[in-house]
Each structure stands twice: as structure tokens, then as C-alpha cells.
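Scrolling down, you'll hit the structures one after another.
In what follows, subunit A forms one complex with subunit B and a second complex with subunit C.
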Partner chain A sequence: MKISYRQMSVLILLAFITLKFSALPSLMYTVSGNMSWLTALMLMIIDSIYVFIIVGLMKKSGEKNVYEFMTACLGRFLTRVILFILILKYALVVANVSKGMEIFVIENLYSEFHWLIFSIPLVILVAFMVYKGIRNIGRVGELVYIPVILGCVYIMIKAFSGVHLQSAFLPMFEYGARPIFDSAFKYVSWFGSGTFLLMLFGKVDFSDKKKFTIFNHLFFAILLVQLMYLIFYGLFQITSPTHAFCLSDISQFSGGDSSISELSWLVVSLWIVAQTVQLALYSFALTKAIKYMFNIKNDIVPILLVLVFIFTWSYLGKITVRLEEIFYNPISSIITISGAYIVPIIICLGYLVHNRKVKKQKLRVNGDEKVKNNI
Partner chain B sequence: MKVNAVETFKIIQEKLHNSKDLKSRVVQFFGTELKICYIAEITDNELLTNGLIYPICSYVGQKNKDVYSTLKNAISTIETVDCDSIDEAITLLLSGKTLVLVNKADKILACDVEKITVRAVSEPPTSVVIKGPREGFTESLKFNLALIRKRLKTEDLVVNMFEVGEITKTQIGVVYIDSVVDKSVLKMVLKRLKEIKIDGVLDSHYLVSYLQNKPKSLFKQVGDTEKPDILVGKMLEGRIGILVDGSPIVLTVPFILIEDLQNSDDYYSQPIRVGFIRVLRFIGVIMAVLLPGVYVALERYHYKILPTEFLVTIMNTTQGIPFAPFIEVLFVILLFEILYEANLRMPQYFGMAMSIVGALILGDTAISAGLVSPPTVMIVALSGIIFYIIPSQAAQFSILRLVAVVIGACIGLYGILLFCLFVLSYLSSFDSYKSAYLAPTAPYIASDQEDTFVRKTIKEMKTRPKSIANNRKNRVRRGKDED
Partner chain C sequence: MKKLKTIFSPRKIALWLFILLLVLTLPNANKPAMSQTSAIVTMMCVDETDSGQIGVAVSVLSPSDGKTAKYDVYSGEGDTLGEAVSNIALAVGKDIGFAQCEILGIGDNLSESGVMKVLDFMTRTKKVGRNTTLINASGDSVDFVNAVTTLAMNKSLKIEKIINYDERYFAAADSNVETFYIGYYSDISLGIMPIIKLSTTEEKNAIEVSASSSQSTSQSNNESGESSEGKKYLVNDGSMCVFKKGKKYLEIDSDMVDKLNFFLNESEEGSIVVEGVSDHLYDNAKVTISIVKKSIKVKPIFDGDTPVYKSEIDLMVFVEEVGDNTPEVNMLKRNRDFITPELIKKIKEKVSEDMKEVETFSKVNKVDTIDAYMQFNTLKHKQFKKYLERVGIDNYLDGMRFETTINIRSEY
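Let's turn to the complex of A and B:
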């Protein structure tokens, strides 16, 4: 069951924008102020480069899945180590998305909401989507991404009249460039968005490939995030840290009054849909990583493990105070940097070394044959 | 097999349990006694007399080497079949053929003097059109095939015929355009049809569960039509038609969801208008399924979303209603469904009066009595009417609407969103004979967008849809054969 090149690009776009429009802009403001958009821009450009690296590797892998590819290039031990790191990275994203979604849903839609009512339907839906496979997630992504983007654009247009553009940009580098890097390190867990692609090796049909499809989607994602951040910081200025939900707060406070208009609710609803697709996507990646790591033959056991994880996470979120801090401590940053930025490089280097060896071997065999023929 | 006219007739009589409608006549032909047996009710008496008996009795030609072959010459104006066994002859007898038993012959001659009772061609009630052909299929397979042949004058039109049903032995016709149809899909369809083990097939819908990939699913996976122009249009795109004798409804596979958003009218109207109508249909479907559920969720959990003036209006109208919004909506939905069901089966002259009583008097009385609120009645009635924007999916959508209401009452808007996503995800996992159920939207097929929400002019639609597996890319061959 393969997904099309376009579906992969759509999933990349959704992965790039989904986590960025909830709590991140308000959190980043506390470290890098109105320069946070530069932090996001820098990390998203790095993420985009990694997307191209991983897609390049994906093409080289042919029909092999990531486990087969890595084992061939790096050996079993290193493959297991990498899978372990990836499991941590994916688990972090799954936890982050589900937590963000829970807060988003409860704060925006309900005055009182039991965590079980949030978790049970979500877990059932995610289980279904993951069980049906990446083709299913790809198709759903294709169905929802245009309404989601149109919704975001609508919110931005609606809010634009109230934006104080000067405040969004100035003063620049008031405390130098250091806050940008500090915030990049602290909130890196929200980035590394293309890592899920590692679990799509052998699952993408490149036959319908068109030029610039990925580039266009990435460019659009970066543009959308940047515009949203500029509007957020231009709208709320120094009060930005008090606005925990970028998308819903922009729609809520942009119209002059403090009530969300009816159409904005539609956008908020669409956002929940986009987050669910993102959750299913990373749950799929986590399921595959667990499957390869422990050499499990069927999909049911890893899916169950992932679901138990989401469920437990929701429960822990209820009994632990400020559990979300787990996303911006150094350990989670190190996990993300390792999983999203070091692992693809290791795989890439492994592939190059392996490829060179194979070429040398071929040359040697050809040379031997020539010698034989001459004799 | 050596035929003895009297003995063979006796055997046939015994096999048919001495059924009283089995009749026989005896005629002499070149000194040999011929026994003609037939079932009176399904035999054309005039044709039997003038087309079979009269030519036999008045034959003046030479006698061939045997009586049997001479007999065939004598009645050459009617279609005949040679039967090698009594069982084969009985099967044909039961399907309206008349048997001629010739003493000492090796075979039994079956003659086609079947009485064809055909309802006049009329506009099907399920697909009424403003513009375009009004012809509809009838219950006769032969007649329906003629309606298809009339529109497809090509040597590529293939009709595969076989029988299904151990007792009914119903004739099934599989029609397709050989140069267009995808052979693997055709093989799959024929295999499934030939594997059917059933005692009887009374309508084409008996075959649906055998043709579906997920027979227990709520969603329709096999298309159906009552109009030859629609069927031919679908066949031109690579689909296969399945006709059943006795049914005016022809099944088509592969089936994708977008087909139900399209209407035969669309192809006879202005493209801009069609685009507008199709978007309306799409919005209508979403409204019909979700409106009551969203209303319940808004009233129960998210009343803050509603504009203040609207909220005040709702509060004023719902004041004093003894039931919770969920019970209220559920009650009106059930009432609506019951009225619909009753109205459907009532005699026509009675139905009109009853619908007035049901819709106007019952609804008005329920509101005046304070049992239900006007917004509830309005929303449920609106949703109920909108269903019929796509009548072929109304049954499925009404179930989804009920589920959305229950979820809206239990979890609110969040639940409805997840429900929508679940339905989308479920439908995305469907494949109908190599065609994705939600194609050409998911997976997105750029070239097929010319006949999705926006329809291009017929002149511009030069390629067949890729959403449906087919064998020929271009609708019209250009230059050298490109396919």
C-alpha cells in the first residue's frame, strides 16, 4: 500500500504547520521576544533541508523499508540504536500533539471536560487510521489540508487590519542573536517535522513525481507559519505570552470584540482535524519504529502499545502539574536533535560508505573477470 | 438420447409434477407424430399457431434424410435450439420456449415462441430529468439490451449472458465495451458472478452483496441506474453494467462516491451552472448529515458560539419544552422517518392527504402543544429534505445523521469532528474494483477534476477518468493509436 508523491508532500505540509499554531509562538516569545519568527524560520529551513535529504535516501532505498535499508548500510546494532532514538523522538511528538490537542479542545470548546471523554474517541480513531495504514492517512490528509489552509488564510485576512506590523519586526536584535539560538534549542521539540518520512521508506510511489511538488509545499508551509507569527506578534505585541493558543486567540481578539465569530469556529474545528491527522501520522511512525525495533511480525501489538502510551499520557497529564514542561527541557531537545538532525546524517553517511564499498566490490569483480578473460 | 414423443412428454410431465399449465398438441409431419409441448401462460399463442404449427402443417418442401432436419427447415422463421438432454429441454421450456418432440430423433427442438410482456418505456421515478432522454429500463432483459444496443452501435459492445439462481435460473447480462474495459476488473466481476450460489434472484439488488468488497458496510459500493443513457455514459468511462432479467435497475461497477454527486442532467446543462449545483449538492450533504447533530451539540455544550441574538431567539422558543434538545431532535427525526416510510407505501391518492396531515398538522400541533420547539422541527425537516438532493444515498445518510446526533449529545462538537474524520478515514480505505472510493479527491487525480466539482464542456473532456480503471486513455483516437 503506497502513497503518492503528492500525498507525501501534503503530509509534510501538515506536519510542518500543525504543531506551530498552538502554544509555540506564545512560548517562544518569552525567550526570543518578537524575533521568534526568525527562530521558526531558521529551524523550518533546516527541517526543509532534512526533508530533501530523507526523500533522497528514500529514492535510493527503492522497495526496501527503513529497517532493511539501515541494516544494509549500518549493520544491526547501529540500526537498533537509531530506532531507539527515533522511538523516543516519535513518542515525544505524539505526546506533544495529543497534549496540545487536549488543551486546545478543552480550553476552546468546553467549560468542563473529562479527560476520558477526550481520550477514548481519539484513541479509537487514531488506532483505526494507523491500522488502515499510511495510504489511509495520506488520503485523509489530502482531503483535509485545503480546508485547513483556507481556514488559516481566512483567519489571517480577518486579523490583518488589527496588526501593528512595526511591533512584529522591531526592535530587531535588541539583545543580539543569542535569544534566537536559545529559543531554538529550548523549543526544538516542536520542530524536526520531517522525521516521520524515515518510516515511509518503500511506501512512496515516485512514478507520479512532478517537479517542485515538495519544494512548493515546503515553501507554502514556511510562508504560512511566518505570516501567522508576524500577525500574532503584531497583534498581541508584549502581551503575546498570555495568549496560549495562536490560532484561536488570533481569531478571537482580531475582530475588535472578544467573541469568536461563527466562521472562526469552523477554522478552530478544522484545526482539531489537522491535529488528529498529525497525531495519526506520528503514531504510525511510532508503530513502525517499535515494530522494526522489536522485530514484531504483526501491526496489532505495536498499535496497542502506542495507544496505551497516548492513553497513559492523557491520564498523567491530569494528575501531574505542568507536565507539558517535559517538552521544553534539555533532554527532550537532545532527543529531538538526535532523532531529527543527527540520525538522517548518520543514515546518509552510512549509505555513502556502503555505496562506495559496493562500487569497489563491483569494480574488483569486473577487474577479475577481465583478467580471467585475458588469460 | 432417443426421443419417444409420448414417453418423453410423460417424463417432462413427471418432472414438472403434473403441473396443469403444461400443455401439448399433436401434429403430423411426413407421417411422423410430433408432440408440441409448452407452458401456456408464458407462450405467445398467436406465434405458436402462426409461426410454428401452421408452417409445420402447411410445409410443402422436400423431405430431408430425417424428419428432425426437415422440421427445422419448415420452421426456419423462428429461433430454435437443439437440446441434448431432457433436463436442458425442461430449463428452456420453463423460460418460455416450446418443445417439439420428434419420434426417434436424437434431440429435442426448443422453439422461441416466448410471450414477452413488457411494460411500456417510461421515465424512471428515481431519476427524473428536466433535460435529456426520458427512456428508462424495463423488467425485460432483452428489451433493456435493445435500449443499450440502440445507443452503442459498435462491434466493441460485448454482452455476456449466464444464469444465476438454482431455482429461478435468472438470466444475467454483463455488458461492457471491450476496447475500454479493464480486463482484470472484468475478470474479477465475472468470477464473482459465476461463484454466486443462491436459490433465486428476483432483482438486481440480490447480486449487490456478492459484488461488494465489504458486503456489511453501510456505504454503497455498487452503482445503479434505471436509465440507458446513464449506463452507456458509464460504460464509455470503462465501467461494467450488470443487467438482471426482471429488474429495471442495472448495476454498475466500479463505483466511486462522486458518481452520486453527478446527475445525468449535468451533462445536458451549462458547465458553470453544473459547477454551482454540484457544490450545492456537496454542501447539502454535509448539512443534511451534520445539522441536527451540530444543533444538539451547540445547545448542550457550546451555546457560547452562537451569536447572542440567535441564542436569545432559540432560548425564547425552547422555553417550556419538557425534553432535552437531544430527545427533542431524536423524537422529530423518528417522527420524520416514520412519516416518510408510511408515505412511501401508502396508495398515491391517500399519500398526498396524509403528507399534509403528517407534515403540517402533526408538526404544528407538536409545536403548539409545547412538545418540540420550532428550531428543532425546522432543522430536522431541512436536513430531511436536503437528503433528497442525492436520493440514492439518502438511506445511508439518515443513519449517519442519527449517529451524529447521538455523538453530538454525548461529546459535543469535538465528537462530531472525530466522527467526520472517522467516516472520511473509513471511506478512504475503500477500493471498488481497483478504483479508490473517494477518487478523484483522495487520491487527488488532477486530470479527473474536469468532471468533479467543476465540469468542463464535453468538448474539453478528452480523456477518460483515471479514477476508473480502463483500457483506453483518450476518448477519441488521435492520429496513430496512442493506447
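Let's turn to the complex of A and C:
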């Protein structure tokens, strides 16, 4: 079952925005201050370039899945190494998204809420979505993305009157450009958003493509994130690090006379749905990576492994506080840089070298045939 | 193997997970309603008592028939704010939720000893919303909460509506926990709160709150016996309280707040009175001018080493009332015909005078309510940093020059 070109673009858009509207802006502020929007802009542009690289490779792969494509280009050993790195990267995203959702729903939305009541339905839902395949995830993405975007725009418009634009930008580069790069390295785990595309090799129907669809969606995603950050930093200024839930804090703060505005919460609920799509998407990618890595024939075992991972992650989060530190650890940054930025380059180089070899071989075969014919 | 496949088929797994979910969630269905276990605070007031304890009064929304809101007022005291809140929770007999609190009043004593610990406890520990309106509640905290609650119950008039009504006129009214934090954690550590007084005498801008109804909302643990005697008035005259480093620094009266508003973008409307206008239309007249729309553009620049706060203010005005020696007003004239060159001159003089007064007030009291620091720090950061190194952060207003251009336009 394949997804359409448009569905893929929608999934890219959702992957680009959902994780950015949770704790990220407040975390980045502690390192790069009001220059954090530049960090996000820089990494999102890099991510966009990688999206085009991966989509280019997808087109070249034809009907092959990523395992077949990589084995042909890089050999089995290197393919396994790459898959291992990708498993770590996907697991990191799955853990990050599920943790973010859990903290928001269990600790922020309700005063008393047992984690199992949230985790079990979430795990069942994700399992179902992954089992049904990428087409199901793509369709859900298509269903929710317009309301999610409209909701975000509504929250931004509502909050705009309280924004102090000067404070959102200025003073620029007070401590030079170093904090931007420090913050980029520390929080790179929240980026590398297009990496899931690697597991969609052979699963996208490129025949219905329209010009600039991916470009438009990427441009819109970057614009939306930048505007949201502008509003966040302009609204909360120096207190930004204390606002751990970007979208909900903006909507709550701009709620007017009442501390909670109903429509804003509807938007925030939609955003949770978008996060569920993101969780299912990366769980799908993780399932496929495990399947290829261990050469498992069916999907059920890898799905169960992923579910056990999400569940264990949630459980461990309840018994130890050290678990969350993994997101701020340099190791997770290295995993993300390797999985999201080095792996696609290796695959690309592998393909180019392989392609050259194939061409040379063809030329040699043609040359030999000509010699034979001449003789 | 086949048997295993049947046991672990997706449908079976989903069924078992569903049963597990039911087992886990069903016990919750037997729990009492949240309204039976939790109390929602809509307004609270904190102050320091004469004995040095922390006194808290809260207005709690109680379940009713749904047609009219019913509030109960509770109060408690303790060595710490947490203890005072716990004592209230004991009296109420429920968990107290502060997330819906719309007004947080800070009493006079606490304002002087420092408010940050209270705000920190209320926002971080008790989850009071950051958009909760902050007021300097002048008067006994229990009486104050009683008065505000009575107002909401009997006149359906919420105190935040009274404050918000003035938002266009008094920028100080736009004060909530978040803006206070932003001000406090800025380099100059400045915060503002509107002052709402509870008075026993009728004053300008006072709203009467009948004492008898105020008493009816009190609970047995409310020890405010005095509140039931005589009339009480809630006064919002637009005055505001300036906090430096979290402590009350000075009060700005409503006249000065009016003048201050010329500098602030947040206030868009207002009125001024000019006297002694004499020309072909007016004869030594006292003219009340309504400012229909006001906008100000601030451009911080440096003239050598001197920072210059350059501002251009546009006022769209309307002659509201003509008094004193003016002959009969010709009703056939258009609004703009009332704005004569002489009147424009007088308006400019008056605005300029008022702005000069604010400048002097700010310099004398070393209080930057016009956000000059922020303007220079963001737009002329490097030069301003050098300037600050030279004069010190407490004296930066002294050497600052103010240049203002005033443009008057008439409403059609």
C-alpha cells in the first residue's frame, strides 16, 4: 500500500511542526536566549535540504525498500550499521514525543490522572495505526493537518496584541553567534524531522506529484514555527524558560478575562492528535528499521517490540527521574546528527559510487560486445 | 507455532488490551464528582498580618443550581503562605484548586515587605495562571475578598471588568503575574500593579458594596467582624503602585498616570482640558478635548554620548465640551472646525507640559515607567551598554534627553 505524494508532504509538515511546539522553545532560550529562533531556522533549513536529498534517493530507489536499496549500494554490513543508528534515532524521537504528550496530559492537564489510563489507550492506538500501515497514518495526517494549522494560526492571531516584537529579536548577537551553535548541538534531537522518510522507500506513489508540493509544505512549516517562536519569545520574553508548553501556554496566556479559553483548548487537543500522528509515524519507522535489521518476516513482532519500548519508557519515567536527561545528553545529539545528517549523505554517496560502478560495467560490457562483434 | 499465531493474533491482542483498559478505568467510575472533592478559587488576597503571619482570603465557587454563581469566602493564617493555604483547605474540607484564580490581590503590608515569594509559591506550587490579574489590594484582605465577591454576586460585576474597563486609559491596569515577572526579572527590576482600595467613605470612581451582603458570603472561619458595619466602597481611580526589586517603591496618583499614558503605546484614549483659549471661535475658554486615538513612535538615538529619547506623538482629537466664556456654539459646524490653530497650539503646550512633568517625575524618583531602558537596550544596545558603564544603572535617566514632536489631527 502506497501513500500519495501529497500525503507524504503532509506528514513531512506535521513532523516538522509538532515536536517544535512543546518544550523546545523554552529549553533553547536557556542557551541561546532570544536568538533561539535563529537556531530553529538554521536547523529547519538543514532538515529541508535533507528532505530533498532523501526524496531524491526515494525516486531513484524505484520499488525497492530502503534495505534492498542500501544493500545494493553499500553492502550488508554497512546497511546493518546504518539501520542500528536509525533505530536509535527513531527510538529517541518516539521516546521524546511520548514523554512530551505524557507530561502535558498527565501532569499539566489534570491534577490526578493515572499514567496507565493515558499510556494504554495511546499504545493501543499507535499499535493499530502502525499495523494498518503508512497509508492509514498518511490519511489521518491529511485529516488533521488543516485544523491543526488553522488552530495554530488562530492562537497566534489571538496572542499577537500582547507580543513585544522588539524583545523577540533584540538585542541580536549580544554574546556572539556561539550560543546559537551551542543550542543547535544541545537540542538537535528535536530536529532531523525528515528522517522517517528513509523508511518510506518504495511506499510513495510519485505519479500524482504536483510541482513544489514538498517545497510549499516545508516553507509553510518553517514559517509557522518561526512565527510561533516570535510570538512565544515576544510574549514571555525573559520568562520564556518557565513556559514548558509553548502552544498551550500561549493559548492560556492570551485567553482574555478567563484563564482558560475553550476554543484554545480545542486547538491544543487537536495538537495532541497531531502528536499522536507523529508518534505513529516514528513508531512505524522504528518498526520497519527493526524488521530490516533483524530480517523479521512479519510486522507483528517489531510492532510489539516498539509497544513494549513505549510502555517501558513510560513506566521507567515513573520510577526514575534520570530518564529525561537522555534528551539533553550529548550522546542523543550525536545519535541524531549521525542518523539524520550523516546517514543520508552516506546512502547518497553509496548510491553515486554504486551508480558509477554500474555505468562503468555497462560501458565495459558494451565495449566487450563491440570488440567481439569486430572480431 | 500455529497455536501461538492464533493466541497472538492482532485481534486477540487488541481484545486483551481493551479488557485491561476496562479493568484499569472502571474503578474510577466509582469515584465522587470532582466538585465534591475540589474547590475552585476565583479570587484571592494575600497580606501580612500585624503579628507577622501570612493571611490569605479566598473566594471559592460553590456548586449551585447552575443559574446563579455562588461564592463562599474563606480565610486562614499561618507562619508561611503554604500553611495559611492548608488551613483554608482544612476549613473548606476539599482540595483547593488555584488554576482558575482570576484575581490575585496583594495587601499593603506584603507589598512593602516583598511580593516575589508569594508569586513564586502561587505560580509554581499552586499553579495560579500567569494571566491572573495582579492588584495592589489596599485594605483588610478578608474584607477586600468579601467586597469583590459581593460585587460579583449582587451586581454581576467582576472586579477584572472594572480594571479592564480602564485598560485603554490606564496602561497600569494591564498587570498580570506574567508582566510583573517580566518587569521584575528585567535589568531594572520594575513592576507595576493597579491599586484598588477598599474604602469606608465614598470617593471619586467608587463602587458601593453593601456590607450586609458581604457578610452573607462569609464563612464561620471568617473573622472579619468589622466588615459588616457601614458601607464599603471599592475604589479604582487609576492610580498605580510601582515595585522595585519586588518591593513597593512608590505610588503614582491618577493625574500622573494620565500624563504617563502619553508615553505608553498601550493607552490609546483619554482626555485633556486646556484653558485660556482665545481666538475667533473661543473666548478665554476652557475646552475639554477627547483623545479619540493616540499613537506614539519612539526612536532612541545617541547625540554624541547623550542618549536622546526621541518621540513623535500623534493625537486624533475631538472637542468634547466648551466651557466658560465661549459664545453659543454653532451646531452646524463640523467637528474639525472646532480645532482651531490656537486650540492646537494650546493642546501642544498642554501635552508637552504633561510629558515634561513625567520626565521630571521619572528622573527625580529614578523610576522608568516609560520603558526607556528597554527601548535603548534593544535598539541601541552597544552604545547604551557603554553609557550604563559610565553612569551606572540607577542613574541612566538623569543624563537622558527627551525630545518630543506632537502632531494634532482632528476627528472628521
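The rule we apply is simple: the second predicted complex is superposed on the first by the 368 of 375 C-alpha atoms of A that agree within 3 Å, B and C clash if a C-alpha of one lies under 4 Å from a C-alpha of the other, contacts with A are read in each partner's own complex, and residues count from 1 in each chain.
Methods note: contacts are C-beta pairs under 8 Å (C-beta built on N, C-alpha and C of every residue); 3 or more make two chains touch, one makes a residue touch a chain.
Computed from a predicted model, the values in this text were never measured in an experiment.
Engineer: Who does A:121 touch here: subunit B (first), subunit C (second), both, or neither?
Structural biologist: both
Engineer: Answer with first, second, both or neither: which of subunit B and subunit C does A:300 touch in the superposed model?
Structural biologist: In the superposition, A:300 contacts subunit C only.
Engineer: Kindly classify A:252 by the partners it touches after superposition: subunit B alone (first), subunit C alone (second), both, or neither?
Structural biologist: Second partner only.
Engineer: Figure out whether A:171 sits in contact with subunit B (first) or subunit C (second), or with both, or with neither.
Structural biologist: A:171 sits against subunit C, while subunit B stays out of touch.
Engineer: With the two complexes superposed on chain A, say which partner A:236 touches: subunit B (first), subunit C (second), both, or neither.
Structural biologist: Touch partner of A:236: subunit C, not subunit B.
Engineer: Touch check for A:265: first (subunit B), second (subunit C), both, or neither?
Structural biologist: Once the two structures are laid over each other on A, A:265 reaches subunit B alone.
Engineer: Return the residues of subunit A at which the contacts from subunit B and from subunit C coincide.
Structural biologist: In subunit A, positions 117, 121, 124, 128, 259-260 sit in both the subunit B and subunit C interfaces.
Engineer: Which bits of subunit A are touching subunit B when the two form their complex?
Structural biologist: The contact residues of subunit A facing subunit B are 4, 6-7, 105, 109-110, 117-118, 121-122, 124-125, 128-129, 132, 135-136, 138-140, 142-144, 259-260, 262, 265, 269, 272-273, 276-277.
Engineer: So in the complex, the part of subunit A that touches subunit C is made up of which residues?
Structural biologist: 111, 114, 116-117, 120-121, 123-124, 127-128, 131, 166-167, 169-171, 174, 236-239, 242-243, 249, 252-255, 257-260, 300, 304
Engineer: Please name which positions on subunit C make contact with subunit A in the complex.
Structural biologist: Contact set of subunit C toward subunit A: 8, 10, 13-14, 17-18, 20-21, 24-25, 28, 38, 95, 97, 99-102, 129-132, 158, 160-161, 164, 178, 181-182, 185-186, 374-375, 377-379, 381.
Engineer: Using the touch definition up top, name the residues of subunit B that touch subunit A in the complex.
Structural biologist: Residues of subunit B touching subunit A: 301-302, 304-307, 411-415, 417-418, 420-422, 424-426, 428-429, 436, 438, 441-444.
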